[in-house]
Structures are given as C-alpha cells and as structure tokens.
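Heads up, the next two complexes both have chain A, just with different partners, chain B and then chain C.
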Partner chain A sequence: MTASRYVYAIGRALEPADLAGLVGIDGAEVHPIAHRDLVAVVSAAPADEAALRARLERLDELAVVAEAHHAVVAAVATQTVVVPFRLATIYRDEQRVGEVLHERYAEFSALLDRLTGTVEVGVKLYAEDRAPAPVTPSASGRAYLQQLSQRHRRRDEKWQHAAAAVERVDSSLGALALDRSRHRPQAAQLLGVAGDNVLNAAYLVPAGRLTEFTDLAHRLARDEPALRLEVTGPWAPYSFTEPDHGDRS
Partner chain B sequence: MTDSNPWATSQRSGSNLADVLERVLDKGLVIAGDVKICLLDIELLTIKIRLLVASVDKAREMGIDWWEHDPSLSSRGQRQLEAENKQLRQRLGLPERQLEAENEQLRQRLSAPERPKEVPS
Partner chain C sequence: MTRAISERGVALIDVLDRLLEGGVVLTGDLTLAIADVDLVRISLRALICQVEADRDDVGRQP
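What follows is the complex of A and B.
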C-alpha cells in the first residue's frame, strides 16, 4: 500500500457508500476524497512507478490497466456526473489530491455543470468495401489506360458519396446533440471489421434523449445504403472534458 | 421518449479495445499529476496508439481532413512523430521483433469479438 493516489475521475454528490466494493488498478480499493461538493474518485497507486511505466509499454498490460481505469469511470458514471481523467494521473498523497480539488474548484465545477444529465454516444460509420473491377489485360494500351482511369473515377465517386453521406448523418445527429467530438478514424483492417471507417465521432447527448438519439442514428443510416453504422455507449463523457470544448470538427 | 436511467438498460455495447484506449488515453481530462515522468510517458504512449489505430489515408482520400490542425496527424507531423516513436523505441531499447510481436498481439486483442462486459451496478 502506498500513499500516492491514482485519480480516475471527479464527480459530485458521491457518498463513500456509492463506491463500496469498487476496485481499480491492481485490485486497489476505490475511495473518495472530498472537497466541498466535489469528490475525487481515487485508489492507491501502484507502488512502483517505474514498473507501471514499463507495464504501459506492453500492450497486453496496457489493455488491463485501461480496462481497470475505464471500469471505475463507467461504474461511477452510472451514479453521478463525472469528469473522467486520462489514464495514469497520480498524486503524491491524499492531501495533494485535495489541493488540486481546491485549486481547480471553479474549473471542475463548470465542467460538471456542463456534463450533468448527459451521456456520450459513440457513432462510427463504415463505407462499404467493394472490390474494384479488375483491370483486364487488353490488346491495346489505350483501352487499358481507359479502364484504369474509369476505375479511379469510380473510386473517387465512391469517396465523394461517402463523404457527403457522412456529412448528412453527422449534421443531423449534431443537431440533436449538445456537442460533438471527432475521433480519428480507426483502421478497420486492424479491428477485423469490414469496410473503411469514415466517421468516428462522439456526441454529447442529454441522458433523457439517448433512445431518441440512437433511433435517429439508425434511421439516418438506413437512408445511406453505402454506409454501415455502429453505435457504442453510453460512455462517461471522456470526449467532452476540455474546459472550453467547442465543436472541433 | 425519455430514458429515466440510460445506463440501466444499455450497457456499453459494440465497443472494442481501441474505443476504450482512444478515450482513456487520447480523451479524458489531462491534468499534470505529481509523477511527471508518467505524464511524458503517457504522451508518447498516446502517440504510439494513435499511429497504430488511426486510419488516416482512407479519410484523407475522401477529403476529410479535420485533423489537419492536429500536429500529431498532419502528414508532416506524422513523419515527425514516427521519428519520435522510433527514438522512443530506441530509448526504451525495444527490439523491432518485440514491437512486431506487440503489434500482432494488439491486432489480436483489437479484433477479439467479445470482451467481458463491465457491469454497471
């Protein structure tokens, strides 16, 4: 057991009982550190910082730590509004966590105000991956070049259509959401899914309109036969923690 | 329609490890902790995961370029980061073979269809 504290998130209106039984990194017991109405959700940090660093460089270990971090954030988010912290934010001791809550009280309060009653929904769109017509060896070089340029034109058209469709879906969803954040498209091949990830976005949605939002997403996707939809969440509002977050798209 | 408790009915669904990593590393509130070395390491780690997970070429082909203002993913920035990444590897003394093994491992983890669900209480 160490004095240093790993911070998962900051919340409001949390009682120690709300965190009972919750475990974080390395099975450490999660507990609150309160300052006025703010509560930092923390656990003992791994004792050996160098070892933690080395672990994060190993992808299997990184996955374990990331899941542990996320599990705590997700569990607390079901109970109260939270500002999720980035992985591996560690303070020397409990007193330092209290000092940070004190120093940044206004900033944290404003963020919590903005995020109260909201959830984050992930929306991914994939463009269908149709194999282009093969270019057949032809008697004339001219015909071959024509085929090539046709193929390029078709591919350009496909991307233009996909881009326009993404804009349509994104703007309709954006109109229902309070805010949105674009993530980087994921390499679909790496994830073992079909198509090309052409939109990877997060929307901040009023919790009471979650079903309406996901229904809208599915309805919009049905109108776009070239796109496949994937909805994830609800998530704690990871993507909306910048103090003056605006539409970054 | 209103959802009295959005968490009650729908657990985190359809998400993969990449979704979790991009949120806990790339998003989430960044506040300097007391362990400074950790902050630096996390920055480098984030870059590494971005390069692994992000698929920029396809989207650029479509003319979608919202990350162009993001130095880590503009083409110049990306080259710079790849160089930094290489330096990081060298600094850490990671042999290429180990990195390849790690990348393969990540691929397998990322494409794993089902992972244990967390249970919101």
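What follows is the complex of A and C.
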C-alpha cells in the first residue's frame, strides 16, 4: 500500500457506501475523495512505478490493468454520471487529488453537466472482405496486366462504395446523437474478424434513446450490404471528455 | 470485476481504444502519469509485439 492514488474517474453524488466492495488495480480497495459535490474515485496506486510502466508495455499485463480500470469506471457509471480518466493517472497522495478537484472544479462540473443522462455507444463498420479473384498466371503478359488492373479497379470501387456507405450511416446516427467521436480504425490483424474496419466511432446518446439508437444502427446497416455492423456498449463516456468537445472526426 | 467484463463480452481492443485515446488526460504527479505520446507508444509496442507473436505462431504451424 502506498500513499499515492490512482484516479479512475470523477463523479458526483457518490457516497462511500456506493463504492463499498469495489476493487481496482491489483485488487486495491476503491474509495472516494470528495471536494464539494465532486468525488474522485481512486485506489492506492501500485507501489513500484517502474514496474507498472513495464507492465503497460506487455499486452497481457496491459489487459489486466485496463480491465481493472474499466471495471471500476463501468461499476461507478451504473450509479452516477462519471468523467472517466485515461489509463494510469497517479497522484502523490490524497491531498493532491483534492487539489486537482479544487483547481479544475469548474471544468469537471461543466463536463458532468454535459454528460448527465447520456451513454456512449460504439459503432464499428467493416467493409465486406471479398477475396479478389486470383490473377491467373497466363502465357500472355498483356492479359496478366489487364487482370491486375481490373483487380485494382475493383478494389478502388469497393473502397469508394464503402466510404460513401459509411458517410450515410454516420450522418444518420449523428443526427440522433448529441455528439460523436472517431477512434482510429482497428487493424485487421488485431481483430481476427473478417473485413476491414472502415468506421470506429463513438456516439454520445441520451440514455433514454439508447434502444432507438441501436435499432437505427441495425436498420441502416441492413440497407448497406457492403458493410457489416458491430455495436458496442453502452459505455461510460470515455470518448467525450474533452472540455470543448467538438466533432473530432 | 474482471470476470464480469469478460462475461459481458467487452473486447479488450474496444476498451483500449477508450482508455488509451479517450478519458480525461491530466498530468499526474508521477512520471507514470503518462503523457499522451508515451502511452500511445507503449500501447503500440504492446500491440505490435502481440501481432508479431501471433504471426510467428501462424508461421510455425505445419
């Protein structure tokens, strides 16, 4: 146990009892640090800073830390509005966390106001991965070149088609959402799923319209045979924590 | 809690998108309160190592 504190999120209207039994990084007990109506959700930070840094460079360990962080944020988000923090934000002691709440009181209050009653929904679109027709080895060099160029043309057409379809889906979903944000497309080799990830977006949606939003996403995707849809969430509003969040896409 | 995450089927990659690209970014007191760039570099290194390991595994299959 150390004096230093790992911060998971900031919330409002949280009592210590609301966090009872919740554990974070390395099984450390989660507890609140309050300043006026704001509450930082924290736990003791791992003692060895260098060791933690090294852990974050290994995917299996990064996964353990990330899931512990996410589990705390997700649990608190079921009880109150939260502003999630990025992975691995650590302060020297509880007093420093209190100072940060004091210094940024206005900023955090505005963010919490904005995020109250909302959820984040992840929407991923994949372009169907139809394997290109193999170029047949041919006696004629000219036929070979023609096949190659046809293949390139088909691939370009596929991408243009997918890009237009993504815009249609994104603009319809954006109209229903309060805000949207785009993450980088996920690398195909990391996903182990078919198709290229052509949209990796997050939408901030009024909690009461979540079903309407996901229904719309599925309906839009049905009209786009070139795309495959994956909806994730609802998430705590990780992707909407910038003070003056505009459309980052 | 970790078990609850897997039960809900939350993919690690979607969690990492949010924890490494989203969330409030504040500079903490320790050097570990990792600046943007560092964390992205760290995560990329972890992900690339994983991909390379997977590739090697595929390569070793008969």
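Simple rule for what comes next: the second predicted complex is superposed on the first by the 248 of 249 C-alpha atoms of A that agree within 3 Å, B and C clash if a C-alpha of one lies under 4 Å from a C-alpha of the other, contacts with A are read in each partner's own complex, and residues count from 1 in each chain.
By our rule, contacts are C-beta pairs under 8 Å (C-beta built on N, C-alpha and C of every residue); 3 or more make two chains touch, one makes a residue touch a chain.
Keep in mind that what you see is a predicted model, and the values were worked out from it rather than measured.
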item	value
Superposed partners chain B and chain C on chain A - clash or fit	clash
More chain A residues in contact - chain B or chain C	B
First (chain B), second (chain C), both or neither touched by A:58	both
Which superposed partner A:176 touches (first chain B, second chain C, both, neither)	neither
Touched partner set for A:122, first chain B, second chain C, both or neither	both
Touched partner set for A:87, first chain B, second chain C, both or neither	both
Touching partner for A:226 - first (chain B), second (chain C), both, neither	neither
Touched partner set for A:238, first chain B, second chain C, both or neither	both
Touching partner for A:23 - first (chain B), second (chain C), both, neither	second
Partner chain(s) touched by A:75 [first = chain B, second = chain C, both, neither]	both
Set of chain A residues, in rising order, touched by both chain B and chain C	4, 7, 10, 45, 49, 52-53, 56-59, 62-63, 66-67, 69-71, 74-75, 83-92, 96, 100, 104, 111, 122, 181, 183-184, 186-187, 189-191, 202, 232, 235, 238-239, 241
Residue ranges of chain A in contact with chain C within the complex	4, 7, 10, 22-23, 45, 49, 52-53, 56-59, 62-64, 66-72, 74-75, 83-92, 96, 100, 104, 111, 122, 181, 183-184, 186-187, 189-191, 200, 202, 232, 235, 238-241
Chain B-touching residues of chain A, taken from the complex the two chains share	4, 7, 10, 45, 49, 52-53, 56-60, 62-63, 66-67, 69-71, 73-75, 77-79, 83-92, 96, 100, 104, 111, 119, 122, 159-160, 162-163, 166, 181-192, 196-198, 202, 207-212, 230-235, 238-239, 241, 248-249
Chain C residues within the chain A interface of the complex	1-2, 4-5, 10-26, 28-34, 39, 42-43, 45-47, 49-51, 54-55
Touch list for chain B against partner chain A, complex	1-7, 10, 12-31, 33-35, 37-38, 41-42, 45, 50, 52-56, 58-59, 61-64, 66-67, 73, 92, 94, 102-103, 105-107, 109-111, 113, 118, 120-121
